[in-house]
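Below, each structure is written out as structure tokens.
Okay, so chain A shows up in both of these, paired with chain B first and chain C after.
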Partner chain A sequence: MEVLWNAIVEAGRMLFSGDFTVYEIVFLSLRVSGLSLLIAMVIGIPLGYLIGSRRFLGRQLVMVIVNTGMGLPPVVVGLLVYMFLSRSGPIAELWLSISGATSAPRWLFTVPAMIVAQVIISTPLVTGVTAAAIGSVPRELRLQARSLGASAWHEAALTIKEARRGVMAAIVAGFGGIISEVGAVMIVGGNIEHSTRVMTTAIVLEARKGNFGLALALGFILIGISFAINNGLTALQQSGGRYER
Partner chain B sequence: MIDRLRSAVFRRTAGILLVALVLAMSLAACEPKEDATDTGDGATEATPLVLASTTSTQDSGLFDVLIPAFEEAYPLYKVEVIAVGTGEALELGQNKDADVLLVHARAKEETFVADGYGTERRDVMYNDFIIVGPADDPAGIEGMSVVDALTKLASTESVFVSRGDESGTHTAEKALWGKAAITPAGDWYMSAGQGMGDVLKIASETPGYTMTDRATYLNLKDSLALEILVEGDTSLFNQYGVIPVVGAANPEGARAFADWIVSDEGQVVIEAYGIEEFGAPLFFPNAE
Partner chain C sequence: MSASAHGRCGGTPVIVGEDLAVRYRRRTVLEVDRFDLCDGETHVVLGPSGSGKSTLLRALGLLERPTRGRVLIDGAETSVGDRAARMMMAAVFQNPYLFKGTVGENVAYGLKLRGVPKADRTERVAAALERVGLSGTERASALQLSGGEAQRVALARALVLEPRILLLDEPLSYLDPLIKRRLVADFSEILSAEGVTSLYVTHDQDEAMVVADRVTILHEGRMVRTGPADEVMTLPTDEWVADFIGMDAALRGRITATDEGIAEIVIGGELVYGCTPLPVGVDVLVGIRPEDVMLFETGGGIPHSSARNRLVMRVEAVERRGSTDRVSLSSNGLKIAASVSRAASKELGLGRGTEVAALFKATAVRVAPAPSVPGGV
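Let's turn to the complex of A and B:
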């Protein structure tokens, strides 16, 4: 119990003593996962809308792919992204043949590489949950809107609005999937101090070094931030619906 | 009516909040990167130099003094340490994703250079492995030679926790079992597949025996219920080598780092590390 208490005290001390390293790590985590989530939303919400509201050839296959993607271990995503972004990978080869240069630049172990991996992890989550939410909006609503002269865009906006709780749940799921993952950012980011070290990889490092207290303190900070963000998202999710029925 | 109005207000607030959240996140995303990196003069931007090394080297704390010393001598380069297992470090080098390697698995390193992935391999330093176990030493291996100790552990089927991750330490451990003509297998031989710190924790909790580098053990000693039982055997010496990678993104930096670490300047830093904290050096420089 004392270990736990010490970790909580340490977490508070790190947060309020203005420990620069901790802020740096926290902000990088938010930067990477926040931007990844944004991109995942831009891809996943429209895609989820299409899957949930339209019948098209290959829809079932797309759904299976999305559902598989929802359960993909981050470390596998990390390995795949590593292979693709490696200086001896396919993209580097393509880049060399196009640019005519002799040496490819390094894309691995950078923030953009981490974002690529996290977008791949979170997009299926956002897409899948959005599709389920859109699918539960009564079809009649959309038909009625169309018959009243709404454009396809209008119809989409109306449907997403109607399914907003589910869409918020999709965003929450997407965020939760990446703020907490360590497998992918460890491989493609490399856990470089002051450069690609995020909360989860810092926790792994400290735990490996045997600094369980420090690792746990960082863990508490991660939980606290997740809690605050999810608190905001959940408040948003609930606020619209309260007066509806 | 009021309900509808409220609902609209709520929706708008929700919208504004969401936009604010998104903006805050994108702002955080656009934040310039260099703020975190240098604390010094920051005249010209340094070229990144990727050093792939092992978790045990990083966990020993050596890089905390070694890297700043190198960067002071060569302000042109900013070293980015990727700490992985030796197997992964060599893989990173083979794929040209790292510029220079500092690892400790001599045979693998020599193959790496012979296969044309590294320009050359030079000795840098060594540290030593030790066999640790519970203080009451149920198998009674204290003070034995390595071969005798391993034979005893196998014959008494005492729990032995192995790294099992193809790291330099794991490679060295396997070589020693080979020397004792034993193929360790069975319930007593636990292959953890984790870093040295984790393995020490597992051995301490089980309790069991394990082979570790001295530096990691000394770093964690206070949180472990493990004592040094076998040490000083020459077969326990753990040689580190430095290899610049062929076709690296930053070949000049790689060469500069390799040259520096084997120079007197680099060797002095290595020799001094650990004296203050542990009363004895953790690494022994032996570059030629």
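Let's turn to the complex of A and C:
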């Protein structure tokens, strides 16, 4: 028990002592996962709307892909992105043939590479949960909107508003899937100090070094931030509840 | 089945559906040669569930693309993508489908889409809510209303747009009978007061009788009858329509003499007097509603009455119908039905084979020209 207590105290000390390294790690985590989530939302919410509201050729296949994507192990995603972005990977080859340069720039172990991996992890989560939420809004509601003069865009906006709680759940799921993920950022990012070290990789590192107290303290900070963000999202999700069904 | 001149309206058609067909997978759910909705009329599309009436409304309302055929508005061909045409219409469905939010937000939805400024919106929403009897409910949650209130809000949400065409798809069928009866009356009053052209889909003939100017009956995706409401609802042209609207099929006869608007019509071996301006020699359909026929004992004194038709008829069957008995009568090939109270039925000792005197007025005899094709429209 003493270990836990010490870790909590240590977490508090790190947060309030003005230790720059800790802030750096926390902010990088938020930046990588925040940006990834934003991109995942831009792709996943419209795609989820289409899957949930339209019948089109290949819909079944898209759904299977999305559902599979929701369960992808981050470490496998990391591995695949690693291979694609490495200096001998297909993207580098393509880049070389287009630019005519003799060597490709380094993409691996950068923040953008980590974002690519996290977008791949969170987009299916956002898409799948959004599709389910949109699918539960009756088709006739869109017909009703259309009959009052709504365009396809208005219909989409109305449906997403009606399915707001479900769409918020999709965002929460998408964020949860990447802020806590370690496999992909470790492989693609490389846990480089001051550059690609995020909370989860820092925890792994400290634990390996035997600094369990420090690792646990970082863990508590991660949980605390997760809690704060989800608290905000949930409050947003539940607001306006008196007009709900 | 072709639409005859009979089925077209007197006025200007606003929406015309031509050669419409809708297929889901390989099942044809609608096949209509021509359907007119005319300026200012309330046109009821009547049919049992699965007859394709809602599909017809969605095709004409530009809410769903038909598999085949054309929709014309004011004579110009149009389609689902024509938002300007859709903006002239507004719909109320069986389920009110209110959106999350307040009553006011719901009613203002279409106005917002049309870019009506906020001050105007507030005013028009208030007026629309007043019209449906829900003044001052703007700030209430739309999803906590009773069924009847919700449907009124749905109507206000459509009326507030002052649409040229109102599409009503079974707007009252979810409601319980008491509220339904009140709302039918309200709807009918609002529709006629607004002078709005409306397409009203329902399976309920009582509702149809209250609101309709014209009625079209659909059966298995096809139009089996269309015409003025009182004609369609009182003169069923074939067995199916008759059965559906709860009457015997119309009788077929010929006018043999006329005198000051009263015609002598031969039906089977009997002579019936009916009011009609049609001339001698015309083949006609004749309908007599059971509630217009009075029955008396043959031997006893038949009370003095202005009823022109007095026939001695044989009872073929007595059937219980709610609080009344429906009595099937026949005489020389003329078959009619009478609806009498349970008490009167007992007093007359009605049963199969009883002879009774049947009285009905010439004005109670509905007469219309017979379609040239038997059973056709």
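As a working rule, the second predicted complex is superposed on the first by the 242 of 245 C-alpha atoms of A that agree within 3 Å, B and C clash if a C-alpha of one lies under 4 Å from a C-alpha of the other, contacts with A are read in each partner's own complex, and residues count from 1 in each chain.
As a working rule, a residue touches a chain if its C-beta (ideal position, glycine included) is under 8 Å from a C-beta of that chain, and two chains touch if they have at least 3 such contacts.
Predicted model only: the values in this text are computed from it and were never measured.
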Comparing chain B and chain C in the superposed model, the one touching more of chain A is B
Have a look at where A:His154 lands relative to chain B and chain C in the superposition and call it first, second, both or neither.
second
* To do: For A:Ser239, select first, second, both or neither according to whether it touches chain B, chain C, the two together, or no partner.
  => first
Tell me which partner A:Gln144 touches in the superposition: chain B (first), chain C (second), both or neither. second
| field | First (chain B), second (chain C), both or neither touched by A:Pro105 | value | first
Residues on chain A touched by both chain B and chain C 240, 242-244
Note: in the complex, chain C contacts chain A through residues 58, 61, 63, 83, 86-87, 89-91, 93, 95, 97, 99-102, 109-110, 113-114, 141-143, 157-158, 161, 167
Seen from chain B, its contact residues with chain A in the complex are 3-4, 6-7, 10-11, 13-14, 17-18, 21-22, 24-26, 28-29, 31, 33, 36-37, 48, 50, 55, 58-59, 80-83, 94-97, 194-198, 200-201, 219-220, 223-224, 247, 249
In the complex, chain A touches chain B at residues 24, 27-28, 30-31, 34-35, 37-38, 86-89, 103-106, 108-109, 111, 190-195, 205, 207-210, 212, 232, 235-236, 239-240, 242-244
Per the touch rule, the chain A residues reaching chain C in their complex are 138, 140-141, 143-151, 154, 158, 161-162, 164, 240, 242-245
